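What follows is a pair of complexes built around chain A, which joins chain B in one and chain C in the other.
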Partner chain A sequence: MSFRARGLALGALAFLLGSDLLGVGLSGVDLSRMAHAYAQPSPLPPYAGAYQPQGVDEIGLWQMMDEDERAIAQSPLVVRDEALNAYVRQVLCDTVGQHRCNSVRIYILQVPVFNATMAPNRTMRVFTGLLLRVRNEAELGAVLAHEFGHFESRHSLNKFKAARSGTDLLAWTAVLGSLAPRYQVARTYQNLQISVLGNLFRFGRDQEREADRLGVAYLNASQLRPQAAAQVWQNLMQEIDASALHRGLKKPRFDTIAFTASHPPEAERAGYLAELADPDGLRRDDGAQRYRATLAPWLGTFLDDQIKLNDFGASEYLIQSLAQEGWTAQLWHYRGELYRMRGNPRDLVNAAQFYGEAVALDAQMADAHRGLGLSLLKTGQPGAGQEALRQYLALKPDAPDARLIGMMIPNQGPGQ
Partner chain B sequence: MTLPSLRALVALWLLALACLPLTAQAHKLRESGVSVAVDDSPLTVTPSRDWNRLDGNIGKHTERWTIDGAQLNDVTFYAGIEPGKPLVRERSKKREPLPKFSTATLLVEVPELLETTYRTYKNSGSFKVTTIEPGQFLGREAVHFTYEFVDQDELTRQGEARAAIIAGRLYMISFEAPRLHYFEAVIAQFRKLADSATLP
Partner chain C sequence: MRTSIFHLLGAFAILALAAGPVCAQERSATRQGFNLPAQSGKKILLLRPTMRVGEQSTGGLFEPNADWTEQARANIGEALDASQRNLGNEIIIAPDAYGEDARALNEHMALFAAVSQAVIQYQFFVGNRLPTKKRDNKADVFDWSLGNSVASLPGADGADYALFIYNRDVYGSTGRKMLQVVGMLAGVGVSSGEHVGYAGLVDLKTGDLLWLNADAQMGGDVREKDGAAKRVRQLLEDFPGSTIAKADVVAASGAGK
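Up next is the complex of A and B:
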């Protein structure tokens, strides 16, 4: 089924299930009017400035978030590169406006999944998996604006109040966990609360739609292209489909991706986000070139994290979509790594070809020579393989595995 | 007493029973100087100090030993992983497949196999192989490697491992401990343990 058809089907389902969201009953309202009512970006709320928590619930919630922030500030997972941090902040400021973004603290976490969260005390967590997946400033801005929308509507507080019984359950889990004979149980409990990754509140779908409408409103008011918001979900759906296809799953699991777990079906949201975007915004810049230039020093690290997740379909999709701007030696190299690590005989032949493309574009790329050498050795071409490994050692004599690789080449001997 | 309330009472009693520490699940002591087979395989080791063998396997042909608890020092034996099998048990073969050891896997690729396994199995966001050196393990040509990773508990751990591929099977022993204090405190004991490993 095409995305459009699926979007319509899911939209109809959401319409049937979610009529209370729109505040009207089903009777006497036709679909086209509904769609129109839907297609209104939220007006931006007046900015509250240095807002302080009100009431016991909110004060308590902020105290918990402050505690989490102390933990995150020391986490080894935080990417502390000044240029990258400044850039992500700039994109947020460009999207939601300078006065709104000033008090936000952004933490970039080296976690290869698509996600971003914002806590009520204005700490925003951006996962590197998100940076790898978006293609330009407008797409990044769309996701950040969505999270900012949750923050500005204070969804976490509402959820927190509603989740009091859930907290009781956690307290009981702690008691039972400490009685349990296996320490593994206790550890599972600890994993329920991941302070640095953020309390992943499962917002309701109504709240997600509200955040979406706010997010697009920020984008409409900015200098960035608001149509990018819909594009993010189109790309993500394609990736999830690709991942499921390669794993032989019939139905993709949208809930396995942190960001989509509580979000309205992607097809539906891609549809309404496109409707909400200001048509005049189509001519605006999306900042793709600036985005690529800033991310370039990090692309290798993020791709490496991604391909080692053992999710062949998603990784292949991401590499292919990055290559739409043209194949580079780096992209060929990581595609080779992806195939070599899966390691079926047919993969090794492909891997050797991809590494070959990489070294043809950049003969100085030591790691591509290594991959090429190993792939050729495994596909029964020891002569060519050893030659490639010799190249690797010549280019990178102090590589961590230099001595072991050296032993694989006759007359080379260890350490030479 | 009515039937539903009796049922509730039995359920509560069973729950309380399940929560009691059961001695049958206790870990086994591995005494100093006594040779033992790992996971009933031909791989035997002779510890030079007392270790605890942890109950519960993380995979076929694996065994975990510790001194102070697996989060503080964790020795894992992989005693003959067959080609086509992952290092540890897969939680879901379809949804969370793990990388497999294969007949084509080279010694130099074993660190990569452990890394990709950890990144999937432990959701380790950052994993770095620091050194890869040729060496000996079980009297055969082997790879010795060291690594560093951050687990879900966000503690930086250091690791050291030795691996050899013998008769098409992967034999490996790894040691992991928090970088702060615990790694240095036990690494010498681990090396002695690894040196004592033999395979007929």
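Up next is the complex of A and C:
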């Protein structure tokens, strides 16, 4: 009996994994057609206070998430810096309101990916890749408010129930269908399977749209600029374009929906978010200055993680967009690192130039001297290279690679 | 594009309705030279057991059930205590840990899960065994370790061994059972329920894995006291120094399966 009844579990599993933690994914309808459907921001739901789960499914889901939280709270990935945690919490509170944000537990995870998630038990996970990409408090608030919208509308639970009904239907059809093992029956089953799975994915995308509407409604009601919500997706589309361009891939489409897409396409989201934003909010503050100042101590760490993703186009785009506020020694240094890490001979020439700019702005930046020296050594300028490495060792005599670097400099190697 | 959608659906194809014969799914091993005589009065540190108890929906999804999980946690705890007292060992519940201690504990729990999965995958069961581990099986070698950093775990200084327990119980829902019955008529194998568990004993001085028992088809309803006692008997059968005769367990589990 080759009647395939087996398709369900993994499909459902993939679907549910996505639903445990509803993320802001990187997936992407024609906005002119779609936008009018969202012309009204959803009204904010009445705040439920310390909501407690109800019914066996929701209580079970919360308990599973509580177990997960026990583990995540102790994870080495969590950024435990108090100032940064307090700041992200403040941005959430400024967006969704003080009484709503109080019970949320925020875990900042050092993962260089654009994402944030919120679980049904009020644990929010914010990835450092998101913090690197958003440029002001309003943009960060827009993403956090979207996630909070998932929580407040209890999307995980509803998605689980939808998946269960769908797979129940398919299981019965498969078993009953195999009582009549004919070609037409098998074919009908396959069609049903595709429509049920397709519906589940669409269900998830509709939840994302609902969370987007809620998110922008929170922003409209806050003191932050609601137009930032659309800007997040505009920036992301540019980054994805840049990444594809450098890989030589064809230009990504931001207006089509794949069968399994977990989120609406970026262009659609940017379109309706722009339309839903309160026009009077345009003059509001977006907190860009405060954002830059608070994130400054972390920028190096986040850029370092980003560069190691080996996504040249996206990293270059991010550095360039950060540099719109003016090039700093740090940005020059990480641009040099990006090029030196790709490491083609032509890249090393560029890298040496960028490190040179960094050193010119900040002569005390030891790591830039190191990068400069290593790049120059490899491009046939040993004299200048060794000089830069000497500078590095002078500035950072106890560097972990001091002995290694010392071997590249005559008369300074070990034992000489 | 259309074909790729079908490929995708094909890729989804893992079983909701698992047919297939179930092979020998139980196995345990003890580290060579390790011996724990009964009534030796050893202290065993019990780390928070991982418990997942729920229902299996008609389509095969796991439906978590908080109440059952709590009951199972309490019942298993009591049953463990009783069984170790019979062996003359003392069970100490691991103290709550904070800060660095909690992080170290979390890492070691994850490490134990990874090591025991590796044992189960690469040494215990037919299918994906590594050639070297197959040789180990023949030579009766069981050599795995978490490393001696376990000695610094909270509560480790007052105990000799650490006991790790994992339990996942999924009970077939009424819908699933009906599907199974109709499936039998239709000639489609539908499995209902899943009861997987493993338990391991680690030396708190050296970090060596002293004993591991894995069972993918456990008996005993952990939601009830009697069932939990039976589950613990099965989890701890072949426990070094155990006086539970294998025949007892088989007889007891045969009734419940």
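Note that in this section the second predicted complex is superposed on the first by the 326 of 416 C-alpha atoms of A that agree within 3 Å, B and C clash if a C-alpha of one lies under 4 Å from a C-alpha of the other, contacts with A are read in each partner's own complex, and residues count from 1 in each chain.
One rule holds for everything that comes next: a residue touches a chain if its C-beta (ideal position, glycine included) is under 8 Å from a C-beta of that chain, and two chains touch if they have at least 3 such contacts.
Every value quoted in this text rests on a predicted model; they were computed, and no experiment measured them.
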Between chain B and chain C, whom does A:112 touch in the aligned arrangement: first, second, both, or neither?
first
Touching A:308 in the superposition: chain B (first), chain C (second), both, neither?
first
If you stack the two complexes on chain A, which partner ends up touching A:289: first (chain B), second (chain C), both, or neither?
neither
Going by the contact rule set out at the top, does A:103 touch chain B (first), chain C (second), both, or neither?
neither
Applying the touch criterion given at the start, work out whether A:364 contacts chain B, chain C, both or neither, answering first, second, both or neither.
neither
Tell me the contact category for A:63 with respect to chain B and chain C: first, second, both or neither.
second
With the two structures laid over each other on chain A, which partner does A:76 touch: chain B (first), chain C (second), both, or neither?
both
Go through chain A and flag every residue that touches chain B in one model and chain C in the other.
71, 75-76, 176, 179, 194
Touching chain C in the complex, chain A uses residues 1, 3-14, 16, 56-57, 59-64, 71, 73-76, 160, 163-164, 166-172, 174-176, 178-179, 193-194, 197, 259-260
List the residues on chain A that touch chain B in their complex, please.
71, 75-77, 109-112, 176, 179-184, 187, 190-191, 194, 196, 247-249, 253, 256, 305, 308-310, 341-343, 345, 348, 374, 377-378, 400-401, 403-405, 407-408, 414
The answer for chain B against chain A in the complex is residues 19-22, 25, 55-56, 69-71, 94-95, 97-100, 102, 104-109, 111-112, 115-116, 119-120, 125-127, 129-134, 143, 150, 152-154, 156
Quick check on the complex: what are the chain C residues that touch chain A?
5, 8-18, 52, 54, 57-61, 63-67, 69, 102-103, 105-107, 109-110, 175, 179, 182-183, 185-188, 190
